[in-house]
Each structure stands twice: as C-alpha cells, then as structure tokens.
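First comes the structure, then the notes that go with it.
Labels run A, B, C, D and E following the written order; every chain starts at residue 1.
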Amino acid sequence: ISTGGDGGDGSDGSDESDGSDGSDGSGGSDESDDSDDSAGVDDPGTATLWTDLSDGEDEAMSTYVDQFESETGHTINKEEPGGELDQQLETAIPSGEGPDSWVWAHDWVGRFAVREDPPFLYDASDDIDSLDAFTETAQQAVQYDGAVHGLPFASETVALFYNEDMVDEPPETLDDMVSVMDEYHNPENGEYGLSYPVTDPYFVSGFIQAYGGDIFDEENLEVTLDSDECKQGMDALETLFDYVPADPGYESQIVAFADGAAPFAINGPWEIANLSGEIDNLGVTTLPTVDGNNPRSYSGIQTFYFSAMLSDADQSTIDATTGLAEWYTTNEDIVETNAAEQGYIPVLTSVVEDGDLSSDVQAFAQQVDHGVPIPTHPDMNDVWDPLTNALTNVFNGDEESDAALDSAAETIRENQ
Amino acid sequence: MARVTLDTLRKEFDRGTIVAVDDIDLEIEDGEFVTVVGPSGCGKTTTLRMVAGLEEPTSGAVRFDDEDVTDMHAKERPVAMVFQNYALYPHKTVLGNMEFGLKMSTDMTAEERRERVTEMAEMMGIADLLDDKPDELSGGQKQRVALGRAIAREPEVFLFDEPLSNLDAKLRTEMRAEIQKLQKEFGVTAMYVTHDQEEAMTMGDRLAILNDGELQQVGKPTEVYENPVNEFVAGFIGSPSMNFIDVEVETDGSSATIRSDDAGLAFELSDEYVTGHELKNAPYTLGIRPENIRIVEHPTGDETLASTVEVVEPIGSDNYVHLTVNEDFLARSTPDVLPEAGDEVGVVFEEADIHLFDAETGEDVFLTEEEIAAAVA
Amino acid sequence: MSALQSALALISAKLIAFVTAPKRFVVSLRRTVYDLRTGRRTPWDVSKSVLMTLFGLAMVLLLLFPLFWIFTASLAEGTRLFNTSGIFPDPSTYNLGAYRWVVFESDFFFVDGDWGYPQLVLGGGSGLVSFRWVGTETGPGALFNSLYLVSVTIVAGFAMIVPAAYAFSRRSFVGRKRILYGYVLFTQIGAGLSIATLVALYSLFSSYGLTNNLFILGLFYAAGAIPFNTWLLKTYMDNIPISYEEAAMVDGASFLDTIREIIIPLTKPGLAVVLIFVWLAGWNEFIIAQTLLSPENYPLSVELYNLATEGRFSTPWTRFAAFANLFALPVAIVYFAAQRSVEDGLSFGGMEG
Amino acid sequence: MARLRAAVPFSNRDWGLLLVIPGVILFSSFMLYPIVYLFYISLTDATFAGSVIGGGADLIGLDNYVQLLSDSQFWTSMTTTWLFVAVSLVIKVFLAVGIALLLNHARVFGKRYMRAAVIVPLGFPGIFTITVWRGMFSDARFGVFNTILGRYNGVMSSLSAPEILLFDVPIGFLSGRWEAFFAYVTTEVWLAYPFMVIIIVSALQDVPRELHEAAMVDGAGFLERFRTVTLPAIRRPVLFASILTGATAFQQFLIPWVFNQGGPARQNELIIVYGYREAISFNEFGLSAAILIVAIAVIGLFMYAAVRYGGLAEGVGDE
Amino acid sequence: MARVTLDTLRKEFDRGTIVAVDDIDLEIEDGEFVTVVGPSGCGKTTTLRMVAGLEEPTSGAVRFDDEDVTDMHAKERPVAMVFQNYALYPHKTVLGNMEFGLKMSTDMTAEERRERVTEMAEMMGIADLLDDKPDELSGGQKQRVALGRAIAREPEVFLFDEPLSNLDAKLRTEMRAEIQKLQKEFGVTAMYVTHDQEEAMTMGDRLAILNDGELQQVGKPTEVYENPVNEFVAGFIGSPSMNFIDVEVETDGSSATIRSDDAGLAFELSDEYVTGHELKNAPYTLGIRPENIRIVEHPTGDETLASTVEVVEPIGSDNYVHLTVNEDFLARSTPDVLPEAGDEVGVVFEEADIHLFDAETGEDVFLTEEEIAAAVA
C-alpha cells in the first residue's frame, strides 16, 4: 500500500472519477502507441488498480506505476484490498465501488465475462490496438467471445526445481527422476524425494494432461477428465505421490525442498526468489517427459483486467487505465526486467523471440510452451473442487485413481 | 422536628390482590419515638417505605407537619432511613458513606462535609474507622456507621427498619441505648420498625401494633401491655406470651362464672366485674400472663386450678414452669419455686390480672368503648 | 477518564504483584521447609501439594503450548512455519527481525512503518484545535483505525448496553420480558451470522452509501454485542441489592447521582467483563471489515488476515506470528490482569435462584 | 389519578423502555434486517453475490429449499455439524471441569496465576490461533503432532513397549475424515475451554464450604461430595456455558475452512462452510442463502429450547 | 451413646499467631446435653469442628468413649452436625437430604431408607414436605429438616452450631423444645454451641463457658448462674447482666467492710463471710444481679445505698430501673415499682446475693478452692 488516503479519518468515501469532463473519445489510443516520448497527456485521468501481489512483485509494480504517473500525469490509485481478491470483486463491482482495473491470472476472464446483470468486465477492443504484440496464447487468454477484457504481461506455470548439490544432472524423463528420488526418499529420517502440492489441480495438470487428454475440452465445452489419456496421466502422477511428504499442503511440501531435505520440487516462478536464498545451487528445468510426452501443465497468463467500472467512467479514466496497461505490457524494458527479477515469463512476442532471458526463466518459458493456458470458460470453475477432492482421495489411498476421475467428472457434469 | 401524619394510608400490591397496608391512620408527634411491631408480613416495612417515599401509596396521604408529601420524591423528603442490612455503600469508605447524604442534599464543600462527619464520628466512637471500607467493619461498627450516615444529614424524620436484627444480644442492648440517646439528643421524630418484643417495649414513647396491614393498637408500652385491646395484641406483646384458655361464661346478670372443663377451671367473678361489663352466656378466651400466675407447690385445694408440672426451665433469674393446663401454658416463678416435672401443683391468679376476650371478635370485653377507641388513635 | 486511570492502576498493581510473585514463592518455600523440619507438616502432606501444583503447571503449559510454539516461530529466520528437523526452530537463529518488520515496515503503526508524531494545530480543521501527523509521509496505520473502530464500538456499545441492562434489572415496563427473551435467543446467533449475512450486509451498507465507514462499522459491532452483553450485565446487576439505591435516594441523591455514585461503581466487575467482550467484538473481527472497508481504513485484524493470505500459496509465518503477537498482546495483558474481575463478572451463581 | 394512570397502556412507569429501545433499534437494524434480507435472497435464483446486489435475481419461491432438502450433501453437513457440536461439547465440559477443579484446589500453589494464564487464549484472534493449529496438525512427518508422536514412539519402543501403544506416524490429521474431524474438535475445544473454565471457577467459588462439610459429616467421601455438592452447584453454569459454546460451535466456520475447507472431499463441511462454499465456489447464492437460513433457524430453535427447557433465561420473568 | 472427651485440645491458626482453642479439657457424659457459650470469636465453632473432624487439632486429643478419634476423618466419625445456616443440599429434596447420611454410611436399601426417613419426618411434622426442595421451605421448616437429617443417621454424637440463630424469637422457643425433646428421646450425646443466653441456660444439662479459647466454667446452668467462678462468667451469664461496682475491702481479720466512695457504699460483711474466706485490704469488684436489687421508693436512709433513677424501662412483666450508681447499673423490679426518672431512691441488697471478685484475677473470692476446681472439671 503506497498511496492511501490520509488514513485516520475514514468518514469520506473514496472519490471516484473527478476528472473534468473534457472531450471524450479524443482517441487516447494513438497516444499510447508512442508513450515513451510523450511527457503527459492533455486530459489526465484517475483510475483505481487492485492488486494482490507478493512483496517483491508489489514493490516493482509500485515503481512502475509511479513512473507511469510522472510520465503521463494520470493518477493511479493502486490498492491492495487483501483477502481473496475475487470475493472482494464479487461484492464491490455490483455495488459500483470496484476498481477500474485489477491484476490477476487470466483464468477469471470467462467467469466474469459472462456476468450480465450487472456486468463485471469492460470490452476494451476499441481502446486497445496493441493486442497483436502478444503471443497467440496470450491473446486468446484475455479475450472472451471476441471481446478484449484485459492485457497480458506474463505467464506462469510450474516447472521442476532441483538441488544441484543432490542431483548431478537434471532428469529428462520421469524414470530418471524417480531413480534419483529413490536414492533420497526416506521419510523416517526426514528425507523425501520430492516437494509437490499434489492435490492442487493447477500443479498436477501437467502430468494428467501429458498423454494429450484435456481436463476440460474448451472447444467442445466438455469435461474429459475421465478420458483414457487423462487416466494414463494420472497413473504417471501417482508414481510421484509416493515421494512427497504426507501433507500435500503447499507449505508442508515446499519446506522439504527448502530445507534441503528433498532433491526436487515442482513449483512456480514465484518461489525462485525465496528458494535461491535457501538453496545454494538451485536449478530449474522443464517437467520430465512421461513416455516421451511433455507434461502439458496449465499456465496462467498474468493480466491487467478492465473492469465494468469503466463502462460508466469518464474517458480520461479509461485512458488512464488502458494507458497504464498498454504501457506496462508492451514496454520491453519492463518485461525484460520483470523476467530477470521476478521470474515473469514474457508474453510479448518481441521479447519472447529475441529476448535475453535467464536460464531459469527460459526453463519456465519452455514449460509454458509445452503447456496449455487454463481454460477461461466459466464452466471451468466447476472443475477445481471435484478434481481437488479426487486427487485428495487418491493421495490418501481412499480411492482408485480411475474411479476417482470418473466420479469427479460425473460430479462436474452434474454441477454444470 | 416534624409531625408525621399517616392519613388512611393504603398500599396494595399485585393489582389489589395483596393489601399490605390497610388504611392506616397514625400521627407521630414532633420529636416522638414510635415503634412499630407486628408479625412478619404485616406491612411494617411497607408503611415505613411509604413514609420514606420509596413506595407510592395506593391511596391516602403522608404529611410532614402540614405539608402533604405523598407525591414528593424520596430524595426531596427530609427523612433518613436505617436499613436492616445497613445498606452501606460497599465501595465507599466510612467517610464516603457518611458524607454522601450531605454531598447530595447540601452545598457544603468537601472540607465542611469532612468536618461535620468527623465530628459525628467522634460522637459515635467511630472516628478511627473513617477510612475503612464497610467490609472491614464488624456488625456493630457497621450499625454505627449506618446510624451516623442517617444522622449526619440532620433529617427531620428518622426511619428504622429492624436496624438491630442482625446483631447479637449484647450489642443489640448497647445499640438500643445509643439510638435512643441520639434520637433524644437531636429531637428527631422517629419511626422504628422491629419484631423484637423488648425493643418495641423499651424504646418507644409509643408503640404501634400492626397485624395483617391493619393498625391494632397505639399507646404507651405499659398501657398496651396492661390493656391490650384484643387477643392478638395480648398474645403478641409480652414474652413469654400470655396464656390463653378457652372458657365458657355462665352468667345470670348479677353473678358470673368463668368455666373451663378441660382445664378444671371455675372462676367466680366479683360483682364489680360483672356489673361493669356486658357478659353473655357465650364462649370467651381467658388470658393470663405468666408472671401473674402463682405456683403453689403443695396445693391445698383452694387454688384457682390444679395442674401438673410438665417441665421446669430455670433461666437463672426466674424459672419457667410449663403446666399441663393446656398446650404451652407457662408460669413464670421466682428461682426458689422449683417443682419437679410431674409434680401436682396448684395454680393461683387474681381477678385483676385476667383478660377476657370475645371468642369471635377477639376484643377485650373488660375494656370500655372509649378505651378501645383511644387505643388506635 | 477516571475509569481509564483506575484500569491502568489495576493493571500496574497486577503486574507488580506478578513481578513480586517469585519473592513470595521463596518465602512460602522457606516456610514449608521450616514446617517440615519442625514437623508441623508431614512430608506426605507437602509432596501432595507439590504434586498437585506440578500437575496444574503441566496442564497450563500444555494448554498454552500452541501459543508458545508460534512465539518461537516468530523469532525464527525466514518465512516458513515448519522445519523438517524438529518442532522448534533452531534457537541459534532466533532474532527479532519479524518484530522489527512489523514495527518499521508493516502498516501496523504507520503505513509502511513510516513513523510520525501528532502535532496540535491551532485553529485548523473544524474545531479550535485539531491535530495532524507530522514526520510521516504515508500517515497513521492500521492500529489507529483499529483504535478508532474499537472506540466507536465501546462508546456506542456502552451507551446502549448499560442503560438497557439497568432498565431490565430494575424497572418493569411493557415488553420487558419479551425483549429480554429475544435478546437471550439472539445471544449466540450473532457469532456465525457475519458470514451468513455478509452479502446481505454489504448490499445494505452500500445501498445507504455506508461502506468504507469506520464509524458505521463500529456501530455494527456494537449492535452485534448488544444482546449477550446486555443480558450479562443485567444478570450481574440483579445480584446488587436494591437497598443501596434506596439508601442513596433517601440520602437525597437524584437518579443520575445514584447511577454515577452507586450503580456504576458497584457494577465494575460486570462492566469490566462487558468492556473486554465489546472490545474483542470490534478488535478481532475481520471478515466484514474487509468486505466493507477500503485498504486505507483497514484495521489490524484485516491486516493480520491479509498477512496470512499474502503469499500466493503460503503465509509469511514469522511476520504473521510477530504481527499477531503484537496485536493480541494488549488484550492478553488485560485478560491476565483482569482475571479476578472476569471471574466475578462472569459469575452466574446468582442465577441459581 | 392512579386509576387513570393504570388505564393508559404506557404509563410513566414504563420509562425503562426508553433505555432499552435504542439498543433494540440498533440491534434490529444491523442484525435482524440482514437476516430478513438473506431470507429474501433464499427465495430467489441469485447465482453470485453481484446478482443480489445488482438486482439481477428473480423470485422463485421455495425451490431452493426443496433442492436443499434433496441434496445429500446438506444432510451430511447437518449430521457432521451436530456430531461436531456434541463431541466437542462433551470434551469441553470434561476438560473445563477438570481444569477448573484443579485450578481451584487448595493444594495448588499459585492457582490465581495459572487461572489468569489459562484464559489468555481468549484474547488471541481466532484466525490466528486456528491457522496455528492448522500448522500443528500437519499431516507431514515433521508436523508438530506427528513429530511428537514420533518421539513418543521412539521412547516407547526403546522401552520395548507393545506395538499397540505405538502410533502409526505420520497420521494424516487433515486427510482422513475422522482424523480431520478429530482435529476440528481438538481446536474447537481449545478455543472454547477458557470461557467455560472462568464460568465454572466462579461457580465453584460460590459453593458454601458448609455444604462440603455437611457432606463430610454425613459420611460422604471425595467422589460422593463431588457428586452431591460440587456437581449440582456447577450444573447450571456448565449448562449455561455449554449452550453458549455449543451454539458457537454450530456456527464454526474458520476451523474447517482454514484446516482443509471442510475436507477431505467435502466430508467435514460444517453447515456454514457448506453454505459459504455453495455461494463462493458454485455460485449458487440463492441456495446458499437457503442453507444459511436453515442454519439460523436451527440455531434459533436450539436457543429457544435452551431458553425454554434449560432455564437459560431464568430471572427474565417479572419478579 | 458415646462419652466425648476433649483432652487438652488446642487449635492454633496462622502458624500459632491465633490461638483459637487453648488446651481445653472437657468430658461429656453419654447422653448428656452440653451447651457451649461464649462471646464471638472465643473458639466455640472451632472446638465443635474439631469434634466433628472438620478441623485438625494442633495438639490434644478427642476421644469417643475410649477410642481416640483425633486422626479419624470426619466422614468416619459417628457424629451429626447441624449448621448455623442449615447447609441443606439445595438440589436435593427433603427426602434426599435426610436420607443422604444413611446412604453414605449404611447399607440400607432405598426402600428401608425411605421408610426410616418417613418415620423421622412424621415425628418432626415435616412428612408433607418430603418432596419439596429446600428453597421452598420456611426458616423453621429448613431447621427441622436439618435436624431430621442429623437425627436420621442415628449418630452417637450430635453437634449443633448456633442452629437457631437465623430464626425469629417465637420459632426459636419452639425449636428449642423440639431439639431437647429429640435429644432426650434418642439419648444422643449432644454439644450445642450458642451465644444466646436463654438457650444456653434452658437447654443444657450442663453449660460450658468459653472465653478467648479458654474454658472458664462448666456446670449446671443454675449452678453457674448462682456461683460464677469469675467476673467474666458472672457478667456473661444472665440477662440483663450482673452489675459491677469497683470496691475496696477494709478488713482487720475479724470484720470486713466493702466500701465504694463513688457509689456511696459501705457494706459490713457478717462474721460468717469474713471467717469463711480470705479477704485482704485490697480493691475488689462487687457483683450483684439486677433481680436481687430491691428499690425503695421512699428511702429511709437504712438502705444499702442511695441513688438516683436515670430512666425506667417498663418491659411489661418487669421494670428495668437504671440507676446512677455507676454506668449501666440496672435493677429489675416488679411492674408496680415505678419511680420517675430523677427520683431519689434507696437500693437494698442482701449479703447472700453479692459476689466479690478479685480485682486482678477476677476470681470469685467467696468460692472455695474446691468449688473453683470443680467448676472446670
């Protein structure tokens, strides 16, 4: 939180659009193209941005927002509402107190795009002209039904961390990995093969989908979790179940690797900073192949969302919002710095193609290539819980993996 | 300092189902000390609370001198009250307790109040205790503080609700004297509720006896003791209490005999009594006080009646001799009369000492109409 | 004000008593030894006492273990809760970094830990004298929001609870029984209600434009605290003999005098308990606060919750624990010091009839 | 005059009502109104919070309730919740009575301090303590309880104790249905015991010493004295505290939510969690409202029964 | 049914700073009723509690018959105790209360217990109350139940700690008779603590007087009343209490004069008294009971001394005449002697009635050594 109101007296509500109503539709779009050389705009607007980032990310974001403000004269109220961001949005937007924009992975696009009464998202296709600058997957991720609801700036997925002191060579295949894990796994002595929150679908999607099966077939809007391919993938995943600490919770898992008690961890780029502080020689590589197939892990695309608040807002506010998003997502410097410092995997085509990325980020980027974006369709929302339950049951040995997937798929279909 | 008048004062509770005080008329002279007695639940406390203003009368009026204070709030009445459980404010020191009334009802400065209270406390011998909290005090000390608190305000009317009932016998006697002394000293009108015989008899200038919310008799203690207007008063006043015998009167207009076959009694009344009062051939209750009974250890047959000794209780200064005349028939004799249980003895009493109560109304038939009328005035 | 003073006096007295406890312990130890030597007490008698005391101590330690554990965690290095080598973190790594963070970097006292100090301004603002924060660029933090919130809750709560409890205990009026019955029914419905009616509440507040308003939120907490505390205080007052009030009345005290001089002082333990409960109602709640307020108005409870969910998947444990410890410390101290009052005030022995 | 006064329904005797009214109004507007509103939502087809606030929901009558009653998850949830309330209550009572007796015992030195220490947990925010307990119950071998059990096993086996006394570590406290249930109960007990202890201690201190002595003279031993003197004296306060903490336990949300969101696999969804999840995860706001209304109704009935038959509101009546 | 022996029984509190009971020796015969009196805090309750086993003696022993029960736990002693505030189990019915002792200490079936209790209750007139809870009972009924509970167990020793002090006067008299009757009927050894004069005098076969933890005198009530061994006992027993005058004795061995200049007293002792006792020329305290004082309304100058009437309290059966002899000098006269306050009157008392106490030791010098020795045996 860097810019609060003047705390203490909380009696007056936050003032929203107080920009003077100047000429609207004055094509703010052409300006954002060459933002680097324009020092300020004629019609500075005020916009609210909600974020829920980790400490380091947040600091960087604040710096960029400040930079944007001083370059353009727009005012951005960057707030951190805390708690569950989506729950905050659920109540704030309908009552007209939501932000103009927020930052989150793209997987809410579908869920919010279908909201009608009241709408949650703003279609910015008329205000944006830089969409082509992003990779194909990223472009897809921020659109729903032809409407553009945000701009992407990074992708993320899970890859394989390894402790170079324990692993001579990063494993190429699952079998390689298993043999290394066998070497270390000895829970009685507090040693494990792997740190991996194995009941979280996001983390395990790669293996389940390794054989080409989709958890959710977005084209046909069908749940195909119980397909043979998925079941095969699930079997592969199950071999990993034996090598993780008994508590599948995220914190219990990661600590095993962080304490040097496990040679591997499967986790996301957000842990790079922490882990490199704890593990002297940290390596990252793509997930090992399964029967020659690359695990197709779900990837999230970090996105600037455009909220429905913009529909009724002044043009200047829209300009400020979209301006910030375009400036931030298309600025190669920012993207490259973020890649280096935050482990953000670029989605800006120019950087992806000839950027100079660190090996860690490279590994994640590669894994993103192998993976698929999380489907944005709202039906996807019904998938997570049943799948989590199924994974939990299998992990606890309460259910056979095939049966678990079958019943999960059935539950999901019932709920839809 | 004020004459207190209760004018057909009445208090009903629970929408009239309980009549706690039943149209009482009573006048207490300026500076007079009136004790109010009666059995439990007879309405003593309620009466007192109406005078204090803590209870609103259902009808009737309370007057101080000639001012009608019936609708005046308690805090404005010039009364002080001493409660049975003292009601000392537990969070205030003795000083705080005693000066509270002054603080509330006068404009005195803290300095002046302290001075006045200290003076008061010295008079009552509790000057050392001024900084103590009530729960550090003994019963007697608490009682003194409660008194001091009441006096400190210099009220015009003093109300006491069984203030000594929580003290032991010795202390009770002491405090009794103290209260009387103070009341006389300050000349305050006082109304004192008790159910203790001795207090009632010894403390008051006059004694008011209540029963069932109704005023039975008002008068000087000795008067009441000697001439109770009815059986209730006769039985209530005096300890040990008056003996009663159910009797029949046989009269032919010129002579009359009081007869009880159960008790073996046949008592011929003298002419004086027969002519002075209207006696009918009807059942009556005969009353005789224990101290008016003489025990004849070796009966000659001339006694009023003959009886058997049930038990003898020596209480040092006297002996209580329980007789089989009827249940609870008691004679009080000097310590030297000491019959054994089971002894046949004679019982003697004088005509002048007996009371005869109408079996129905309970009224003493030996009293004149005027005497009865005067009794409740 | 005097209530605050006496509360402070009480707390300091308790703390002094606590600090001098070891001395008293030594004295009684010596006495015991003396008694043993002179044969006043048999060894068996003494050992029974010692065993019981040890048993009690063990029980207390067991019950407080979670708090102890998390306290050590707040002293650890890094952010992780677990370590694979044992229950407690390596004592050689203990440090106060997390507390330093809470004080100088978090929003606990001042936003971003940027400390300032209040300065009186003459003629500023609406009144003659107002004050502003100097020396800080970001302004006061969550603590001040919490304090403001709790003050509103306490003031409003007491304004509603105390007179009502008095009326219930001392007066008869139409509907008394009914309302009291309703209150008793609702004592416990409030607890889980906040989640149940979260959305309903939000729409209620926002339709009147009352979201992001600490004052209104304070009132809301007070409202939730009314039934239970009114009932509690009423029960307490029932046990105070009415004759004190009558004595005061006869002494010439007006109604308000009686309240001030008699009722309030005599009800102190009850008031203390109600104070603690009302305080906690405003101090600990975070779900509704988070939904209704904007970040600049977040009280400590919300900040604490946000800290717990700060990481994408994990909690920065050392900071979380340090924050929580500082957050709960005042309440814990008050609880510790007011134990006697709490026991007195929560005594429902009078209900025995 | 007096008669006139008696005839008017609101006489000046009733000014006590004026002292009560503000509280009633404040309470009703902030507490009752939302319940009514929630009831309204339960009659609509609202899907997510926004559709309630934005007004995009239509009335559909009692459909949500019908759907609810035919949902097996509802019945699982209801049963689990009651089981949770009952089991935790029994343990709470035994534990709290035990602690109270111990910390009120003449032979315990420094019991005042112990009592003060023992109630300190009341001052910590639930979200914090519950999160901490979640950590302690980690399924991992290095979770606190598993570590302790592991050490216990170590000690026991070094004493060559029989297998049956050993634990099969690591225990999956959060992954098994009953293990998780046990973890909930333990935490709930820990959260509620201080309140009970205070109340019981106060009650114990009010027991006249003569009663114990009378029983002693009557020839009663320790246990009989406990049964005839102590127990009856604390019966009412214990009942009272049980009702209050029982009602709170029924509405427990944070424990299951923080521990494992009512898992594993929705098996331990206490009623409020169930309602919350329907709203949040499944966007069934109308249904969720129906669940919560049912929960409120149940707790209302529970309190009513407590007031009615437990004599909870004794002393409420006019004197 | 058991002889109770207290053998140099001692109890200290607070590591010896408070000596509540100071080496008391007392033997209570089988079936005897001993009342224990003394001022507040003198150790009555503590003594009783040691007999019951509720308090552990610091030294000394308690024996029932010849068995030493000093170390026996309360629950094993064959005693029953009636507490001042009854200590009825509030949640049990009257039946439950009464049968509890039987349940604990006998093997009777519920049936048998019920029978026994019902029988008991009928005897005590509380058979109707068997299913009531204690809080539905009046004070007197509670007291009866407490008694019934104690009797039901058929204890060998009965202990009472001021059992009647919470009752009003009327009820107290009634219950007193009841307790005595029951005790005699069951022949149980009884120890009865009270601070009520009258109870102490009338109820006990013997009376034990405690002061400051020390036993002062034991004996039949009348004996104690007539021959108090010391000033304390003399002042304590009797109501209104004995009058004391500080005097000097002038003796030359063959004649002796008791003289008090303040009171205007010069009383020549007869030879009998002079020779029978050892009198010194020293200060003494003269004691005379109010009832042994005769008031002469028209003094002739031959009276023992002359005085002025301070106040007259008529209590009906008698008059209390306060005289100015010294503070609190009281004569009790018959109602017909009714001087006015301020009257000069004569005061007469007989040699046989006076007590003379050593000013230092407080011992009655008219008693022989043996009498004194016997008094505390």
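Here, contacts are C-beta pairs under 8 Å (C-beta built on N, C-alpha and C of every residue); 3 or more make two chains touch, one makes a residue touch a chain.
Note that the structure is predicted; figures quoted are calculated from it, not measured.
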Shared interface partners, meaning chains that touch subunit A and subunit C: D
Go through C-D and B-C and name the pair with more C-beta contacts between its chains. C-D
Whole-Å separation of chain centres (CA-atom averages), subunit D against subunit E: 58
Could you state the distance in Å from the CA-based centre of subunit B to that of subunit C? 56
Could you give the separation in Å between the centres of subunit A and subunit D, each centre being the mean of its C-alpha atoms? 38
Can you pull out the residues of subunit C that are in contact with at least two other chains? 81-85, 199, 202-203, 206, 305, 315, 352-353
Among the residues of subunit D, which are close enough to touch at least two other chains? 49, 52-53, 135, 138, 140, 142-143
The positions of subunit A in contact with two or more other chains are 87, 91, 95, 190, 251-252, 255-256
Partner subunit D, residues of subunit A touching it in the complex: 87, 90-91, 93-95, 115-118, 120, 187-188, 190, 245-249, 251-252, 255-256, 381-382, 384-385, 389-390, 392-393, 395-396, 398, 415
Subunit B-facing residues of subunit E, complex: 39-40, 168-169, 173, 195-198, 201-202, 221-222, 225, 237-240, 289-291, 313-318, 320, 332, 335
Quick check: in the complex, which residue numbers of subunit B touch subunit C? 49, 52-54, 73-77, 79-81, 83, 85, 87, 89-92, 100-101, 104-105, 149, 153, 159
Subunit C contacts subunit A in the complex at 78-85, 107, 111-112, 133, 138-141, 144-145, 148, 199, 202-203, 206-207, 209, 211-215, 290-291, 293-298, 302-303, 305-306, 309-315
So in the complex, the part of subunit C that touches subunit D is made up of which residues? 18, 21, 25, 28, 48-49, 52-53, 55-57, 59-60, 63-64, 66-67, 69-70, 81-87, 156, 159-161, 163-164, 166-168, 170-177, 179-181, 184-193, 195-197, 199-204, 206, 219-220, 222-224, 226-227, 230, 235, 238, 280, 283-284, 286, 301, 304-305, 308, 315, 317, 320-321, 324, 327-328, 331-332, 334-337, 339-340, 342-344, 346-353
